[in-house]
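In this document, chain identifiers A, B, C and D correspond to the written order of the chains, with residue numbering beginning at 1 in each.
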Amino acid sequence: MSLRIAIVGGSGYTGVELLRILKGHPGVTVTCVTSRKLAGTKVASVFPSLHGYGDLLFSDPDPERIVNENDFVFTAVPHQAAMGIVPGFLEHGLKVVDLSADFRLRDARIYETWYQPHSHPELLNQAVYGLPELYRSEIISARLVANPGCYPTSALLPLVPLLKESVIGWEGIVIDSKSGASGAGRSASMATIFCEVNEAFKAYKVGEHRHTPEIEQELSRVSGKDVRISFTPHLVPMTRGILTTIYARLTRKISTADALSVLSRYYNGATFVRVMGEGVFPNVSFVRGGNCCDIAARVDERTGRIVLVSAIDNLIKGASGQAVQNMNLMVGFDEGQGLETAAIFP
Amino acid sequence: MSLRIAIVGGSGYTGVELLRILKGHPGVTVTCVTSRKLAGTKVASVFPSLHGYGDLLFSDPDPERIVNENDFVFTAVPHQAAMGIVPGFLEHGLKVVDLSADFRLRDARIYETWYQPHSHPELLNQAVYGLPELYRSEIISARLVANPGCYPTSALLPLVPLLKESVIGWEGIVIDSKSGASGAGRSASMATIFCEVNEAFKAYKVGEHRHTPEIEQELSRVSGKDVRISFTPHLVPMTRGILTTIYARLTRKISTADALSVLSRYYNGATFVRVMGEGVFPNVSFVRGGNCCDIAARVDERTGRIVLVSAIDNLIKGASGQAVQNMNLMVGFDEGQGLETAAIFP
Amino acid sequence: MSLRIAIVGGSGYTGVELLRILKGHPGVTVTCVTSRKLAGTKVASVFPSLHGYGDLLFSDPDPERIVNENDFVFTAVPHQAAMGIVPGFLEHGLKVVDLSADFRLRDARIYETWYQPHSHPELLNQAVYGLPELYRSEIISARLVANPGCYPTSALLPLVPLLKESVIGWEGIVIDSKSGASGAGRSASMATIFCEVNEAFKAYKVGEHRHTPEIEQELSRVSGKDVRISFTPHLVPMTRGILTTIYARLTRKISTADALSVLSRYYNGATFVRVMGEGVFPNVSFVRGGNCCDIAARVDERTGRIVLVSAIDNLIKGASGQAVQNMNLMVGFDEGQGLETAAIFP
Amino acid sequence: MSLRIAIVGGSGYTGVELLRILKGHPGVTVTCVTSRKLAGTKVASVFPSLHGYGDLLFSDPDPERIVNENDFVFTAVPHQAAMGIVPGFLEHGLKVVDLSADFRLRDARIYETWYQPHSHPELLNQAVYGLPELYRSEIISARLVANPGCYPTSALLPLVPLLKESVIGWEGIVIDSKSGASGAGRSASMATIFCEVNEAFKAYKVGEHRHTPEIEQELSRVSGKDVRISFTPHLVPMTRGILTTIYARLTRKISTADALSVLSRYYNGATFVRVMGEGVFPNVSFVRGGNCCDIAARVDERTGRIVLVSAIDNLIKGASGQAVQNMNLMVGFDEGQGLETAAIFP
């Protein structure tokens, strides 16, 4: 029997990507996709690429109907909106993957420093941080999974194993990330019109991006220290993809090959993390359309530091693909179901 | 039992796209992919997006081994090279889809006017022109299918039904096509480096593109006249996609809605042709990554002409996807197998 | 003494481009640039590329001050807004180049069919259509110049000489234009955000674009016939540039070389029109940042038609550069002053 | 009287950009531009944007004629080729700006570690490092100026003042640079064809880029220490522009405003360096086509570090514009002559 799924907030790029991925997932049926703005219009007429959904309409969110007719909910609404609706779904026994930031931070005070007051701090400890390569067992038994941010996904996957093994120090980590424009979402805004993004490149929210505490939380857990990172996101004139370049201090002499081995061992068996061979570096063009995170490393003896580079498709491993990976674990499907499609190159 | 497949000439963009599509096809196994240039290197190391192929290597073409170990061959080598190898595969009982131009034109003299001498003109009548929406039954029983050019696919699908029904006249047809840069293939060339294509737009081979006789051949067959078209291709600064705009003279008063009905009736049941609603026009961004051809029409009473617009992914419906669609028909698989993936938007 | 200039509506892309060009013009001083939205902010802080303007602020439009402190006005506001303010400037003796559509059509009924009622039809006959290569002498003595649309500029320059010399017929002309996204202006809109335009290509306003009557008006004047064209604009994923491909019926046998000669003779002495050599076709990348229109032609004996291709920078020859060229003529400057900068390649 | 100029190696992007800039320079005449590959063809037919050069041809390099007919030479050939021809020009009394790496490093051993043997190490001390904002007086009296690399220009301008004033420490500096594809030059290469760069993003030459020792040399001179930096270049899918993000340790508490003041004071009077206001960050789109370097800074108290961001047009301030700026100083022109054009936005 097919798992019945509702997507709340389905008209943004992550919603559309969820719809696309779930269309190819043999175990599920999307029964409902909400959008206040597009309510009453056909999914397939707004997004002809989704014509496989036939006559499915965007609908106004109707929580009662959602809980009655579904087993599982993806909430893809903005932060603050998510915390208002997720508790209701949980109460009625639905499992939830929330793609917003509302349940990612365990400490409500930190959340409130970077966002705004939290109406349901009691849920923060129930929520599992949905990075399957780090928290697989917790996710399997979770009812609420907080799907990680795109930048944190790209930063944590290369850093965590090396920090855990104390190959790198916890101080002085620099994370320089570059994202395609789909990360800014699908809404009218002068800053994101084509002529402002094309042939342009900029850093933004320097020193103040909200993914900072999320990365720090996870690095602190691993290291047992109060980690403070330098994190700078940049906007790349491309649609999809995040490439993150990380600089960390080595705690001891280690070769590039050995550093890569630490990573490979840690991700042994992980379908969606690929550790590159020595001298090979990732390119977002080789993960676009797929759920993989590619990771490379190079030790620089001249400076005693290691440079890590990771690449993901921000809408897939950085959002909707990871959300489906989490769902698969939560309901007992094969972890990779619906996510096996090869990336599209070129 | 899985159909064993060889891809001859697998390192270009159409080869890579064949590999990607066939990876997701449940009925086939790619046993061999040739590339003189890359022989001995792993497919997955040149194209990390294809890591699903594990240890499969590019190999030097070895016709004997290919015929011994395979049931089906895709030839994705340049024209003139194709005619040298296809006959051997056919003799040994393999079925072939050839992606080059070598078997598309039935009249050897026309081939030789636009290309060069043909070494196997006797095969031209055996070869079936592989546009499944037009020649489905012939393809089903074919041993050699000539996979259509990308531009002809985009031009013929909208034109043929209207010409067949005499809605439009056969004289004075103008076909103005715009293609992404992947149509130029994957090889070092100064004309196609990023800085020459990006923020640029040009017409090329004005009045002399080799897809002209291919389009004329098919339109002439349908109309019974010696059709001469004006065809101009253009290069768009994007990777994938062809949009074709066609201008034709109406033979009688007809509404846009009625013209669309003619198209819809003709493609009733065709999985991969979508006729848009009145007032809706295609965008290559809604077919990228999928095998569909989207078609729109608008009657312009002011001029007595109809404007047709079509969109395809040039590497899929315009090449490798159509090739797999042809293979499916030739070997008895479901026509759409391996091609159901929704297009990727954005 | 410097010509004092006001730009009304200076915060869009054509306004910014006017500011950039006029900064390098030795004979003028921009005293005032209006923008309701940005009033009170520094030009150089919104557009750091214009830091040469120092402390100049965007201001609310103040007609009285504009007429008191200026000799010349560029109106770069939307159509309908322009007709409300231009008459006042003229009454007070200022010369005006209007970049909107409000004064381009001589026949108020045609204007009203394609736009909305016209409040000042009496000005339509005073206004000169500002294509200097066609109307140089009229522009020299004009007080109000209607700066042509970007598409009409690219279509008329290649067509007019051939129509005038009866090389081509007036019936059945097809104009297929492709424009970069800056033509859509600088305002928040979901249809123009980066991810909707990038890696996308579409036709729009098929059979109903408002530049149609403008092109028809000029072709009808030249030919003395009631010309009806097929015109389709397309959106290219690039910032600047228009490439227009035109198909016209030849009235007699003529070689490509002779057709090019007709064009060359007509534009002999014209600084900003370049007729390419036989076999050479324009690319928008060679006119970007400059005021040139490049034109090529090829006769296709197979079909009895000629294909014309033109390229302009839509913001320069298609808007602000042409506006400055018109100003130069109207006030007695050298026609090319401020416009000599070579195009930027790559 | 006009300064007579030869450009040796004029067919690459920096050569073309030199030609473009010098076309608008009132004090010079380009008499000769060499290219073995294009010898005998018109500059204007290869690069229609340079049609202002009329009948000037690319020629084979003829050193004797160059010294007889010119006062000044720009050498824009690859490293190693430059060291072979520059000494001859100097001997005959010509002044030279060399755009290659051959004369940038003062220590021949370091040059030989990162490049290959140096045939004229005796010239390394005569050559002046051509960053005018740092070495203006030395450049004024120089006969040979080594034009800086594009990345070093973008890194040194923000770093030098803060290091000189000991606001930042010399250890642990991280320089993360992102460049448009024109930095890779104009030659056929599969790695730079459109489909490999578009919608792609990668780091390259991680830990081994040859601009590393150049940056270290200059930072070491300023600090008196043996500076070792982490430097990673990245390839951005755009044509022009470099954005560099720098992370450095603060030596003491300082506000962002005060750090910006240090930068502003240092560049007081410098035409081509703009220090942004607090909270404003550069974008390459605001320097494209101009010779400016925009610089921003933000102190991050949480980590005790400062983040610096700079933007340049790699072909102008990062190459040909800076070369002209150096020439202006060397021959007594106004420093900004020919370089005043506002950047092109959008």
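Here is the rule we go by: contacts are C-beta pairs under 8 Å (C-beta built on N, C-alpha and C of every residue); 3 or more make two chains touch, one makes a residue touch a chain.
Nothing here was measured: the structure is a model prediction, and the numbers come from that model.
Peer 1: If we look at chain C and chain D, which chains touch each of them?
Peer 2: The common neighbours are A, B.
Peer 1: Can you name the chain that lies farthest from chain B, using the mean of each chain's Cα atoms as its centre?
Peer 2: Of all the other chains, the one whose centre lies farthest from chain B is D.
Peer 1: On a C-alpha centroid basis, what's the spacing between chain A and chain C, in Å?
Peer 2: Centre separation, chain A to chain C: 46 Å.
Peer 1: So how far apart, in whole Å, are chain A and chain B when each is placed at the average of its C-alpha atoms?
Peer 2: Comparing mean C-alpha positions, chain B is 36 Å from chain A.
Peer 1: Roughly how far is chain A from chain D, centre to centre by C-alpha average, rounded to an integer in Å?
Peer 2: Roughly 39 Å, centre to centre.
Peer 1: I need the residues of chain B touching at least two other chains; which ones are they?
Peer 2: If we look for residues of chain B contacting two or more partner chains, we find 13, 182, 186, 195-196, 198-199, 237-240, 282-283, 285, 288, 346.
Peer 1: Note which residues of chain B are touching chain D in the complex, please.
Peer 2: So the residues of chain B in touch with chain D come to 13, 181-182, 186-190, 192-199, 237-239.
Peer 1: If we count contacts the way the header does, which residues on chain A are in touch with chain B in the complex?
Peer 2: For this pair, the touching residues of chain A are 13, 16, 20, 23-24, 45, 47-52, 182, 186, 199, 239-240, 274, 276-277, 280, 282-283, 285-290, 292, 294, 340-346.
Peer 1: Mind pulling up the chain D residues that touch chain A in the complex?
Peer 2: For this pair, the touching residues of chain D are 172, 174, 176, 178, 180, 195-196, 198-204, 206-207, 228-230, 232, 234, 236-241, 243, 245, 247, 281-285, 288, 296, 298, 300, 302-303, 305, 307, 309, 311, 346.
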